[in-house]
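In what follows, a structure is listed as structure tokens, so that the remarks can point back to it.
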Amino acid sequence: MSVTEGKELRIIGFLCNWCSYAGADTAGVGRFAQPTDLRIVRLPCTGRINPLFIVRAFMNGADGVLVSGCHPRDCHYSEGNFYARRRLETLKALLPVIGVDPGRFEYTWVSASEGQRWRSVVASFTEQVHALGSMPRFMSGTSLDLCLRPAVQPRVF
Amino acid sequence: MNIGVFVCHCGSNIAGTVDTEAVAKAALEYREVVFATDAMYACSEPGQAGIVEAIGTYALDGVVVASCTPRMHEATFRRTLERAGLNRYMFEMANIREHVSWVGKDKAANTRKAAELVHMAVEKLRRNERLQAGEFDIAKRVMVIGGGVAGIQAALDCADGGLEVVLVEREPSIGGKMSKLDKTFPTVDCSSCILGPKMVDVAQHPNITLYALSEVDSVDGFVGNFNVTVRRKAAYVDWDACTGCGECAAKCPSKKTPDRFNEFIGLTTAINIPFPQAIPKKASINANACIKLTKGKCGACAKVCPTGAIRFDQKDELVTEKVGAIIAATGYDLFDFTKYGEYGGGRYPDVITAMQYERLLSASGPTEGHIRRPSDGAEPRDIVFIQCVGSRDKSIGRPYCTGFCCMYTAKQTILTKDHMPDSQSYVFYMDIRSPGKNYDEFTRRAMEEYGAKYIRGRVSAIQPKNGRYLVKGADTLLGRQVEIEADLVVLAVGAEAARGAGELAEKLRISYDPYGFFLEGHPKLKPVETNTAGVYLAGSCQGPKDIPSSVAQGGAAAAKALSLLSKDKLASDPQVSGVKLARCIGCGKCESVCPFGAIEMIEFRGMPKASIIETVCQGCGVCTAACPQGAAQLRHFTDNQILAEVNALCL
Amino acid sequence: MASSLDELKTAIRKALPGLDVVIAWTAGPDALSHAPLFITEEADVARIEWDPRCSQNLAGYLPGLRGKKAGIVAKGCDVRSIVELLQEKLIDREDVVIFGLDCQGAVDARSARAALGSSRGVRDVAIDGASVCFSVNGEPRFFSPGEVLQSKCFGCAGADAGLCDHFAGERGLPPQFGNPPESTLERLEAMDMEERLRFWETQMSRCIRCYACRSACPLCVCQDHCAAQSREPHWVDQTDHPREKLMFQAIHALHTAGRCTECGECERACPMGLPVMTLKRALNRRIKDVFDYQAGIDPNQTPPLFEFREVETNIKEREW
Amino acid sequence: MVMPTARYIAHDKLMPWLLGLAEGRRVLAPVREGGKTLFLPLREDSRLDLRGLADDSAKAALLPRCEPLLEFHYAKTAGVPSRTTLEVREILPGQETFLFGVRPCDARGFTVFDRVYDAGTRRDIYYCSRRDKTLVAAIACADPAETCFCNRVGGDPGGSDGADLLFTPVEGGFTVEAVTERGGAFLREQALEEADGKAEEAREVREAVRRAMPEGPSLDGAPDEVLRLFDDGAFWESVAAKCLSCGVCSYLCPTCYCFNMTDESNGNDGVRVRTWDNCMSFQFTLEGSGHNPRNGKAQRMRNRIGHKFSYYPKLHDGNLACVGCGRCIANCPASMDVRAIVIQARSRVLDKEEYANE
Amino acid sequence: MSPRYAYYPGCSGLGSSLEYDTSTRAMCESLGVELVDIPDWNCCGSTPAHAVDHLLSACLAGRNLEIADGMAEERKLDGIITPCPSCLKNLKTTQRSLSDPEFRRKVEQVLGKPLRAGLPIKSVLQVVVEDLGVEALGRLVKTPLAGMRVVPYYGCIMVRPPRLMRFDDPENPMALDNLLRELGAEVLPFALKTDCCGAALGTVRKDVVARLSGRILDAAVEAGADAIVTACPLCQMNLDMRRPQINRANRSRHNLPVFYYSQLAGLASGQGEAATMMDKLCVSPRLLLNSLAQHTGERA
């Protein structure tokens, strides 16, 4: 875990409730230590994920986004992850064109019983994102002061 | 909106690695949070009372609890809100235990993470709606899949409780593995004597419809309203006409068919009734062995059948049953020991499985209860039992302990001595696992009273020698090699998931573990539930089990189904999709992707629009992600709610 | 082309009594691009023009005319948009009459204006093999296709006459213009990730949020209910941040993923000259690779994001 | 006050002079970027483009595409988190600006704005603050485009309405003349050489262009005709058939001044922004109830034409809200032509009258 | 194109198992497999070295691999083959150990040369059975070994450890069974086909050899075999040369000939007893071969 020591990066996880969220719970119950960067958004199904959530996250300055759902054919809603797989594969073509390194986004399948697998997914993805460092922030493109929104300051603890 | 935040210590589970006080303090700064506190156990009686009190004192309209996973206590806290007069959906949970305190070591980082998870929850809650549950009608019927002892128990309990039960069994008779056993441990009472009456009860129960020789073809629908299509495989016999007299089997010329019920150590006829106590006691034809069906000639059975029940042209038949709940009790299969080359890989006729040995011991088995070697029919004297064949062995992908082999091996050594007082049993074992009532005493008796020689170690090879078998192994307690010449070797093969378990799980939309055993809702608290509402588990399909546990679980699953279907209507989950007609342009994309056919296109003021059938919608949100206008929105997981969480995390 | 035009006019005259409207092109205010013409009476037929200046894809008007019997004049590339609309059941085949044309290439008015200096005096445009000839005040001026034609013409697949109800001109092979000029996608691929981000930042700072890219897109079915201008859901905010404007382009690209036929209307319509089709190109390329699918070919197919296969042979999922 | 005499600046001196001005104030000038000529802050590496009409109008100098009007913050009271106070901070623009290189049509566009935003007691402080701090330097046109029609809406390719200074292209450079007192005061401070005889040359250049511009029927004086067609749905349907409902015409128009206001917030912080709005958009008149009085593009087109050629002139002494720059024509993705629509409207009314007379 | 391999004969091949080496070369030639001897090869580092010093053992094998590598490209070699399972095991073990960069560095330091060790390494038997197919051998058969009842004896390392050797079933290999059947022999089931003969303890614990090898001979006789067929020089030596010792220790009277499979292949394809060096065997196969000839003669 040496790579991820020190500065945390902003990593968002979109997880389906039935498999991967439960898998992350299983990892917790098993006390499988993980890097702390990841923040999980719980969704009913990966089929709920509009790829634009991921684009939005990167636009907002996320350093990495991880999607995880039920293994193909195990979807609680039978087909959600099949649609998700196609949508997310398509998304993979968009991200590098707008300047998001493909390594900042991954999707995978983790079942409710795969606590160990969840741990290793989180650990390797976090490491992968740390290897890429912070995502460059969007700034105002020009010196036009005509139209700039003052950046709303992020919260500080 | 007035939001209250409650940060749970969970004793030291959370507070040990998260500064809960700091999290509560941070939460006070969030928009619309008017109250925040930390609590020792939020889910406890005083914890919940504290929430109810704060709702009153601070006029809260929404609550965030930061504690364990919502999969644990979301329902608990929603009820708390309802007690305080709030809508149950004005609630969010931040999972700071499973996702934070239990997996992160750095307290500062954990605290930061917990506070951000609370922030996400607050921002989502600010956009929550007061959803109201509807109601829908349910079918007061249960389907039990699998007619082993667990399924039989579940079916009988449900039927006695007044539910209509459809019991589906893959084999021609119910009874499962237990019906093949000679005796049961630790009482050594006759297996068919205690199972037989239950099987007869199934046959005679007015509330039970039995489909033997049938399999589940497809499942759709949802809790309360499943539609299960069952494939009734062709028996080539009209079971309504068949009286089970057995004339057909007596006259069948194809007498060399390996007997499936007898684990292929005996022979039977192409048309047969699998065993005398079979339920239903009906004949069926093995199409691969039948001369008429394979070569077109014969038809002896049809000639002798007194009721003219033979139907060589019978085809599989599909029937659809509407049920409100499903109990999966599909049991287990035996490990295929031929993967172990050192035990001969199936080449030696006198190296057999414990289940085959059980058939040899059984008075209704192929040898009528006389122990005979399959190779030459001789009575064996020295018998070696090898434990853990397909259990606790990572190298063949079976790392788990089957759990009941130690016991049945002990039973078999006892029965062996009873049958043949001059015999000697040897047991190669890894450890003895006998943690049940009277179990350890039982294994002790096998060793001490019945003289079974237990050798702690593995067998490295079995080699034929002068018509016997040289069993080479290690005695790890004495630290030396041992070689035993045996007449018969019995392998304690482990249990593995039933053939086709994965496919059935996919049809039922339940999870299964890497070995194919179905996954329970919670390992401790929901041992017979699954993640799919209305689907329950009984017996070894959830993991290897002995008979008492299977029976107990069958009863437990039945109790769950009975309590579910005790109501006339079920509350529908309001977390379903809804279409904003003003935004919808009727492009039909949502309709095309809905996995449940829950979207229909309607005409509204002359314009095409999508409309959700709320009782059919399962709330997956595939439509919401497909709708370009954002007109279809999954309630409680709307675009704006998820965007709010994303924005709370990074902007 | 003159003979094609006569054939076209004859066909339209013949079909017009059974139709509510026929959409074609006529001379517009700018000598470098012809304008759409909505024909309801026979007298209008005489005003139809057909030459490389007929660059606008008229298919986008069809969903708005649903319920009416509409004829439409279409180049090969325009037909692909019509196919896509049929696929998604946004128009009804029996209500649409397609007049196909043998296109030899379409002028990009913006680059033609830059090449000529001004649109003044342009009387005619013709494409002859490897060169494009503008007749300006009676004088011919020649340019290479790369200088003045739309980039989509370089990958022209020609007209699938089989989908047209009428076809004017020769059903020959599509025109060949050799290698296309360097695309924005190729330029981007030569950059590192941060340069790409900065590239879009600079580009999108020019965007005036007129949404002409969307309004001109024949597959933007939402139009008046576009997510870009909504608060419920609130995908983009109204500030002028390049991030928000790029976000909209991502929305447009993902909403048209697997549907976009690269007709180029978004870029043609953009008054700020933004390379907004680049994102869609990138998605199409992947969709071709992964799902072996191209939009606008077969009216009976389903767009790839609205179906799936249980086993996706071309998807290599990451192993952890 | 007496205006200073005309001055002259040679082509090679222009850029250094402008960059000199840019020290201490913002200089906006038509600059090449991304294949377009746009009004952007001038920098040393800017490529000034004075060949013709810029691709965007200069209105963003006075009415930005998006401007923050105020910031707000929900502050929690220490110890009493249930008490939240809303803190509001107004953001007033205040940068001195030299707007260089607008054409007479664009400069005249500001007069259309002035009548709305700086109308006696009804003053828009954001607009007025910018207007007061901005000096507008127009360049007389030498080569109007095919789509230009300022002469048909009461304008003049060499006119100076709305400008403070007027530049005119002459041999070797530009003459500079003050138009307003502010312009005069500014010019007096500049170390520019006297124009002398070039002032006469400039007048001749302007006159020549004026004469050379193609004539056409005037679009002035059509307010009543357009108003009389208000209920002629068929006419507007046919005119708007090819319209795509995008915002190109409005956003490039130097006289379109409509705006929208939006609060954008995250957590406790937020900002209120004012952004350009566009009457061709469905959302422009969409009401909270979901009802939309201008539901179709025909009604929206009627509003756009009506506003420019009828409603505005009726309110503002016959002045049109169109200065004839032709950007809407040149950039319309559907090749709409505002001139043709006004002419069609007029002949439609005449046809109707004839029909009525019969 | 005919396959071409670097050939590693191993120490026994030039001494105690000269008949194996000779008959193997003959078999390969008739099968069209070209053997290129590894020039200046040295001991593979098997039994003695690998038991005491892994680095030494790997360096010994590594040198041979390096030489083979050096000529691989020029001679267009398909791989390295050896008839001896013990050599094979050590060459393959070394190849695998070299994937550890640290260990590879040490070996290279000793050898003073960089190592590729990329050529596939197989036994001659594996090439015959898997690559050429036993049918290829079958096509060469002129005088089938009809009537000869044999048990194949693979020895303990021809197929083990399975993850290293990657050849046939580790518990019940059938390669030799199939091959011998193709030669016309009657192949009997043999439970001890992969049991240890005790070779590794041949010089220090003769009692163990006598017990283990004796058991193999017992089982072969019990099975009703006329002969044992091996593919390993050490196995052959134990069962054949040490037969008197074994008989003495076990009070048995075994007298089974122990052939190399390559000898029988040569015999069946008509190479004659001299060419296959039948006279090198300690237990004379004379009687058996005579009866075989008689059998063939009867048929003819």
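Descriptive notes on the structure:
Note that the chains take the letters A, B, C, D and E in the order they are written out, and that residue 1 is the start of every chain.
Here is the rule we use: contacts are C-beta pairs under 8 Å (C-beta built on N, C-alpha and C of every residue); 3 or more make two chains touch, one makes a residue touch a chain.
Keep in mind that this is a model prediction, so the values were computed, not measured.
Looking at chain B and chain E, not one chain touches each of them. In terms of the distance between Cα centroids, chain C is separated most widely from E.
For the pairs A-C and A-B, the count of C-beta pairs in contact is higher at A-B.
Chain centres here are means of the Cα atoms, and by that rule the chain farthest away from chain B is D. Chain A has the Cα centre that lies closest to the mean of all protein Cα atoms in view.
Separating the CA-averaged centres of chain A and chain C is a span of 35 Å. Spacing of chain A relative to chain B, judged by their CA centroids, is 32 angstrom.
Between the CA-based centres of chain B and chain D the separation comes to 72 Å, rounded to the whole angstrom. Separation between the centroids of chain A and chain E, computed from CA atoms only, is 57 Å. Residue positions of chain D touching 2 or more other chains, listed in rising order: 64-66, 264, 266-267, 271, 273.
Residue positions of chain A touching 2 or more other chains, listed in rising order: 51, 56, 73, 79, 83, 87, 142, 144, 146-149, 152, 155. Within chain E, contacts with two or more other chains are made by no residue at all.
Of all residues in chain E, only 169-172, 189, 191-192, 195, 219, 222 touch chain B in the complex they form.
Only residues 74, 76, 81-82, 84, 266-268, 290 of chain D touch chain B when the two sit together in their complex. Chain B makes touch with chain E in their complex at residues 340-342, 344-345, 347, 461, 463-466. Listing the residues of chain A that touch chain C in their complex gives 51-52, 55-56, 59, 72-73, 79, 82-83, 85-87, 89-94, 96-101, 106, 108-109, 117, 120-121, 124, 136, 138-142, 144, 146-149. Those residues of chain A that touch chain B in the shared complex are 8, 10, 12, 17-19, 21-22, 24-25, 27-29, 31-36, 39-45, 47-51, 53, 56-57, 60-62, 70, 73-80, 83, 87, 111-114, 119, 152, 154-155, 157.
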